[in-house]
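This is the structure I have questions about; it appears just below.
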Amino acid sequence: MARAPIGPLEYTRRTWMRLTLLATFVFLYAPIVTLVAFSFNDSRRNIVWRGFTTKYYERALGNSELIEAFVNSLTIALLSTLIATVLGALTALFLWRFRFPFKAGYEGAMALPIVIPEICMGVAMLAFFAKVGWPSGLPWPFSLSAIIIAHVSFSFPFVAVVVRARLAGFNQELAEAAQDLGASEWRVFWDVMVPFMRPGLVAGALLAFTLSLDDFVITFFTSGPDTVTFPVKVYSMVRFSVTPEVNAASTVLIALTVVLTGAALWLQFRQEKKDR
Amino acid sequence: MANRFLSGVSRRSFLAGTGAVAAGLTFSGKGFAAEDKTVNFYNWDTYIGETTLDDFADATGVEVNMDLFADNDELFAKLKAGNPGYDVIVPTNDYVERMIVAEMLVKLDHSKIPNIKNVDPAFMNPAFDPGRTYSLPYMWGSIGIGYRKSRVNSVPDSWKVLYDSDEYAGKIALLAAPSTVLQVGCKYLGYPLNESDPAVLERVAEMLIAQKPNIRVFAEDNGQDLLLSGEVDLTMEWNGDILQVMAEDDDISYAVPKEGGLLWEDTLCIPTGAPHPENAHAFINYLLDAEAGAAIADFIQYATPNAAAKALMSEEYRNNPAIFPSDEVVRNSETAIYQGTDYTQLIDRLWTRIGAA
Amino acid sequence: MEDWRRGRSAFWLIGLGPTFWLALFFLVPLAIVWLYSFAELRGLVDMEVTGTLDNYARALDPLYLDVFGKSLAFAGLTTVVSLVVGFPVALAIVFAPPRWRPVLLLLVILPFWTNLLIRTYALIAVLRVRGFANFTLEWIWEQSNTLLSLLGLGSYQLLGERFEPLELLYNNTAVVIGLVYVHLPFMVLPLYAALEKLDRSLIEAALDLGASQWRAFLTVVVPLSMPGIVSGAILVFIPALGSFLTPDLLGGTDSQMIANVIERQFKSANDWPFGAALSFLLMYLTFAALALRAFVARGRGGL
């Protein structure tokens, strides 16, 4: 049976397009694959391949500092994502719904965290917490509070942008219809708007999560003793002792995020099937 | 060869040693009551023995929380805004000076550190901290040239190969430390390491700008990795880093040029505002102990200023010129001193110029 | 859109949280640094805000303007390359069967999930002299040589005596590759979003009217996806301008960007007021780029 001829718009079925796509993915994934492959390298300095071993995984999983740093980073990411998503959604709602004086200035201010160089913000947060005399030595997880606050500050405007883009497509008539049917303002919000915003919220939350997990500069400037985070720990390891342990830890992190995202997507997919 | 460097002291002898240490350490019970049993240690990565922290906890019941920093500037920037809770820190000599001037260090109570007698007398009165009021030595070493024996025409005995010649164009690396590179450049031109005359420093900068096409990279801290992987054949590096790759590759060696190099010393200090000063003193005392010091030196392969610990080390360690430079080299080399904000700003400006040229 | 006075309680309820957070945990810290840029050093640790303009005067020195210029060039080049690489990818995803689209998008975003530092270090492993890029090229070279020998041309050594590995690391090329690598998802996603909303019938119409594929692409697809292109460009250009880790780890002696200089002021140079002045200049530069974009957008009839 002959294959259906390629339609004029079916760009993806054209060979050169496929090749480009393939080349791009090779470019994107070659370093990752190298990273994962070298996590099995039997060499302390991990420059040249010397043999296969899984001992560095054992080392990584047994390295309590690394685990602690990992847990810290995850905690920070989860908490800051939670707060940032709520704040970002509120911001988006606020800007979408209301007209008020100096709105353009307000929007500009909201864009600042996206625009500011990371190091500038890192120093600003350091100076702020020092001047205010932020308490240190708090029990976990409050010891992470300074870092979490800093993370929320730079990520919630991103969430706001994403949610706002989603809100732009909201059909106001739906809200009006609900109100006509007697729903209170709160119910309109919760039962009509939030479900509509959900894809934006999910996308925004994922973005905030990534930004937090990936951050280095700002985290470094806001952390203290007992609050080593994963990127900071890796940075010091990478500078001094680049063992495959680092690769092993990173591979685990990648695997974890893949699983989490896969789970989130799968839940989403199931939800959509149910809604249909 | 790799294993010999990294496991010189066998586990059995070490465990025996720890017992002796625990029995031998004397701590005054008073003073512990007020502090909880932790000490926050801010240190360079992998700059401690394999079991040192655990042994200290076993011996005294005080837990050590070790936090990491990657360079002195980081340490300084972190503490500048106020001590976030560290008890013991490990700054390098010229930063100790800065911190003393900035009143960021606590005077050490020598009576709480009886192991101070273990320190080699040569280290007890340095220019940057006379009488060791604020700091005690931890490790010391040199900065020199790491090189690949099979790829050089002759053993590099002068800084010329890095600073002023295209003999190995494209295969050399220098450190990415502005002050170190410029200071050593002064040494090469025959001036003192701590030359502060702007005209001389400008000359060094011009020389580096002319040399730039031959330099592959200014390596942050991984010059030794570049050497190992073959990206470069000669690199300016700290001796300990080169030693680590020498263990993995016999073709690599280390030399300090005849003009002399830079001697550095890492020290133990207590920053102001430390929450556990008593525990801090106890910890420093422990690190200066002969057995503990020997274990640390054996693991990280840097030169120890602790005479008692050095006496416990193997012949190979003591006679290794890469760890303990020859007397001549020590004579020709100098330690860096802190010279005030104008000097620092000039260095940075010259470095920016070198980078932008 | 409602006037705020009409829904007053809702206005305050919704708006208070974000505003408070932004003000206290962002604007105040920023203001502190802004004040620092007008400060003078008093010894090693203290600074006194004297309202001096010395720091800005130093920052406007040709030496530093030069570095600013170079950073703009790097960021610009990165943006262009990202666009060229990202556009086909976005196009391919949009026109892929609907089942595949989320998967492909995920595949594009996934590398982004890895920590920046680790990704950059992995890139080093690929680009260095004994890295995979060169290994692959060497393999190709050897196979070609074998082929040539089979053809009887071996003795001429047409491909050179020995394989000379490409120096792909520690130079400006590496920095651009690294910056593109890090920022590509930021270009692909907005492009995808814009292209998805594209009305395909317009392309079909153009093709029906006799335009070639290429012509249809240039005259229909590109202009309609302009908002996406601009968003993507902004999302790549600005972080690239302020990045310091990538040039630090991948760059050679020539690859100093403005963020590296700023970083040094807060660290080895210990000159916070000057660093603050430089960072604020960087921010003003960024705002200028944004303003330019808004200006261009308005000129095109509010697209």
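Worth pointing out:
As written, the chains take the letters A, B and C, and residue 1 is the first residue of each chain.
To be clear about the criterion, contacts are C-beta pairs under 8 Å (C-beta built on N, C-alpha and C of every residue); 3 or more make two chains touch, one makes a residue touch a chain.
Here the structure is a predicted model, which means the values were calculated and not measured.
More inter-chain C-beta contacts link the pair B-C than the other of A-B and B-C. In this assembly, B is the chain whose CA centroid lies farthest from the centroid of subunit A. Chain geometry summary: the mean Cα position of subunit A and that of subunit C are 17 Å apart. Centroids built from CA atoms put subunit C at 37 Å from subunit B. Residue positions of subunit B touching 2 or more other chains: 74, 77, 220, 229. Looking at subunit C, residues 130, 266 sit in touch with two or more other chains.
Among the residues of subunit A, those in touch with two or more other chains are 47-48, 127, 235, 242. Of all the residues in subunit B, the ones that touch subunit A in their complex are 2, 40, 42, 44-46, 65-70, 74, 77, 81-82, 84-86, 220-222, 225, 228-229, 244-245, 248, 275. Note for the complex: subunit C touches subunit A at residues 1-4, 7, 10-11, 14-15, 17-19, 21-22, 25-30, 32-33, 36, 85, 88-89, 91-93, 95-97, 102, 106-108, 110-119, 121-123, 125-126, 130-132, 181, 184, 193, 200, 203-204, 207, 213, 238, 241-242, 244-245, 259, 262-263, 266, 272, 275-276, 279-280, 282-283, 286-287, 290. By the touch rule above, subunit A contacts subunit B in their complex via residues 43-45, 47-48, 65, 126-127, 129-130, 133, 136-137, 220, 224-226, 228, 232-233, 235-237, 239-242. Within the complex, the subunit A residues that touch subunit C are 8-12, 17-18, 20-21, 24-25, 27-32, 34-35, 38, 47-48, 86-88, 90-91, 93-94, 96-100, 106, 109-121, 123-125, 127-128, 131, 149-150, 152-153, 156, 160, 165, 185, 210, 213-214, 216-217, 230-231, 234-235, 238, 242, 246-247, 250, 253-254, 257-258, 261, 265. For subunit B in complex with subunit C, the residues that touch the partner chain are 71, 73-74, 76-77, 80, 98, 101-104, 170, 177-179, 212, 215-218, 220, 229-231, 341, 344-345, 347-349, 351-356.
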